[in-house]
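Presented sequentially are two complexes of chain A, the first with chain B as partner and the second with chain C.
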Partner chain A sequence: MIQLSLHKTLHTANGNMLLDIQLKLEPGEFITLYGESGAGKTSTLRILAGLLAADRGKIIVNDTVWLDTDTKINLKPQQRRVGFVFQDYALFTNMTVRKNLEYALERNQDNSIIEELIDMVELGELQHRKPNTLSGGQQQRVALARALVQRPEILLLDEPLSSLDTKMRIKLQDYILKVHRQYKLTTLLVSHDVGEILKLSDTVHVLEKGKITRSGTPAEIFTAHQMSAKFRFTGEVIAIQPEEIVYIVTVLIGTNVVKIIAQQSEIIDLKIGDTVMVASKAFNPVIQKVI
Partner chain B sequence: MDWGPLILTFKLALITTAILLILGIPLAYWLAYSKSRIKPVIETLVSMPLVLPPTVLGFYLLVAFSPNNAFGNWLNEWLGLRLIFSFEGLVIASVIYSLPFMVQPIQSGLAGLPSHFKEASYILGKSRLITVFKILLPNIRPALLTGIVLSFAHTIGEFGVVLMIGGNIPGKTKVASIAIYDEVEALNYDTAHTYSLILLVITFSILLTVYLINGRYLKKFGR
Partner chain C sequence: MNTLSGQISNIEVNGSLALVTTKIHDVPFTAIVIENPETAPHLQVGNTINVLFKETEVIIAIGNPENISLQNKITGTIIQLEKGALLSKLTIGTAIGNIVSIITTKAVQQLHIEKGTTVTAMIKTNEILLSQ
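Moving on, here comes the complex of A and B:
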């Protein structure tokens, strides 16, 4: 199990922000950090990898302490068993695809893993090419394979697919899922692509201004809050007319006049001049007074 | 014609460039990545020879190395080094004088690399030294070549510093640029011509080679 608790003051474009994260990752879990840019997602990954120092905090990975500011333990990136896939891939341009993977080998490590990974992400034909001659998706596969050479305990993916087109994204998501299952990895993904998160992750943590505000399965996070009110406008009631068994409420929204069918129970405390919210839940519009 | 000054010039340039390469890489690395507060001061000092008249540099070195003061005396007494009017003195002066020509290309080469190169290498468990030699330096080959050649060529072209600190001792400090001045003063225009033409042709060829190689390299890798 991986446990982390981090505090760090980040200097952002909008002034200082306190990053305050508590996370628990079960072995084999696929976790996503979701949030706007500048919410502290990448900083969290960088602290976990040892590339960025935390002001205070603790990271324990399968009973090994990686960071503990109280006892001044802080393992270097070299000593932490992490795989990291950068947004810009960070492939070494002076080496071929194969050499990039071989560079990652530990001293005395059996190099059969190179062959295995090249097969896994289907790079066989490209293995003697230089990274600059490959497409974005191919480079991303190299970066993914290289991150796995040392058999890391955690795989960190920092918006790895953000610069790819949709078709390539979907293909790469399949590769990520495949290696995640094959190597029984614990994977931490940073992403703001809802479709991608729904497809890949077991758990989502929503990061807002340096803090985790909500956690749950992707379905819980993205359907309960975001899809319930797909369209939502506020406007002013200009007329309420009875019509057979229902009422027609005329609402001025911006410069548009909108007519909405409402039941008696809905109009009971509405009068002309009220500010109301009109929202659409799948099919039927809902009208609600704004207090 | 006496070949001595030309040979001395190239010997000086070669030794200076070798020393600069060894000193320049760590210095450029530090300047490229450090966030230290004294960095601007060091950067300024490294770049000073670009704008300072060579005679000013030569004059201060002459004063500093003179056995008549404490530092020069200490060098003389403890290390047995007489740096004025000697080849060793010329080497030290040239190293200082050509320092920016080695450091600046390497520094901007390193700063221009994707910032994640270093971090990716560290995460793959590689030490800082391995990262420098296997990742960073191989990826800035054009900058290294530029630094080496500019330092070499700049040392060949040196005049003021050499004159101030080395004087004009045949076989010891009389380099080609000094020899040309000497011959012109003695109205030996033919000899001055020969020296000048040789320097002109050699420096032109060196620089042309660099630009050709770097041009091809840049085209090949599209950066």
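Moving on, here comes the complex of A and C:
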């Protein structure tokens, strides 16, 4: 169990804001912090990693105290078992992929983890290349592997996929889920992408002006109603076409394009670019093995 | 989407499936869902719930067919009829409010459906969504 209690006055463009966060994370949980820019999401991650000092607070990770401002315990970032992936990859451009990973090894650490991670995120063919010869998605895979070299307990992801295109983002989401499960990590993600949050997280905390205002499963947070629909996806409206007495709404879900028949009353508030939930009962879809 | 609001009157659970009956005024609607009161705490007898079903899933009959597997039936009168080349939209006034059905224009012609015709609207149990 990870317990956080953080207080810090942040100086923002709109004046001072008190960050006041109480969080409990279960081991193995995938948690997303969601909210507007400047709500305190990144600051929360940075305080947890030890990169930003809290005015007051406690961080207890599986019975180890990382921070307790009352007793002046404050572990250094390198003493905290945290892996951090940022939006920019922050790789060493003068080193190969492999060297970037090896550089993250602790003194006396067994280097078998390097091989394991290279396999895990499929960097085998890229391991001797320099980061600037790789695509954004490949570089972020290296950054993800590097964050795991020291076998962290907590993985912090600060909008890691927001600069990637949809196809690459979906691939990286799969890698993130894979390492999250394989290494039994507790993962804390900052993301704005509702589809991504629905796919990855167990729990969502909504931050507003430095405070958690709502918590729940992604379905509870992002759909207005609890619905008994098991075939449910979030996507973006890319076309609305009238056809006789109905409308055909085309929705991009990940990299798949689907079409939905809708009524006029359903499309009144709908425009191209809107994020929508598409739902059906589990009884309707047919399933067929792809050969 | 047709949306009707009612109170849950009965829940039959077997494993992860539940057959939920909702009374809309006096008309029972049953829905089969992959939920039970444990996974969906709002599934409790007496709770108010929305019964949702798509217009394209509403089957229309003339008269009241008795020997039929469909559990959800309500009679009403056509109050509006919009015909397209292939599809038609029927608005049916019933005791529990208006229900919209989309069926083929061919079916409308075969059944001689016009404004004022009395019809039975039917929905399969597995086509009904429940929502809080």
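Everything below uses one rule, namely that the second predicted complex is superposed on the first by the 224 of 291 C-alpha atoms of A that agree within 3 Å, B and C clash if a C-alpha of one lies under 4 Å from a C-alpha of the other, contacts with A are read in each partner's own complex, and residues count from 1 in each chain.
Throughout what follows, a residue touches a chain if its C-beta (ideal position, glycine included) is under 8 Å from a C-beta of that chain, and two chains touch if they have at least 3 such contacts.
Source: prediction; values computed, not measured.
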With both complexes overlaid on chain A, does A:Thr255 touch chain B (first), chain C (second), both or neither? neither
Mind telling me which of the two, chain B or chain C, contacts the most residues of chain A? B
Based on the superposed arrangement, let me know which partner A:Gln263 touches: chain B (first), chain C (second), both, or neither? second
In the overlaid three-chain picture, which partner chain does A:Phe86 touch, first (chain B) or second (chain C), both, or neither? first
Regarding the shared-chain residue A:Ser112, is it in contact with chain B (first), chain C (second), both, or neither? neither
Between chain B (first) and chain C (second), which, if any, makes contact with A:Ala279: first, second, both or neither? second
Where does A:Glu244 make contact in the superposed view: on chain B (first), on chain C (second), on both, or on neither? second
Using the superposition on chain A described above, determine whether A:Asn16 touches chain B (first), chain C (second), both, or neither. neither
Under the contact definition given at the top, report the residues of chain A touching chain B in one complex and chain C in the other. none
Name, in rising order, each residue of chain A that touches chain C in their complex. 225-230, 244-246, 261, 263, 265-266, 279, 281-284
Could you list, by residue number, the parts of chain C that touch chain A in their complex? 1, 31-35, 40, 42, 50, 52, 55-56, 82-89, 100, 102, 126-127, 129-132
Which bits of chain A are touching chain B when the two form their complex? 49-51, 76-80, 82-84, 86, 88, 90, 92-94, 103-104, 106, 130, 132, 146, 149-150
Mind pulling up the chain B residues that touch chain A in the complex? 114, 116-117, 119-127, 134-135, 138-139, 221-223
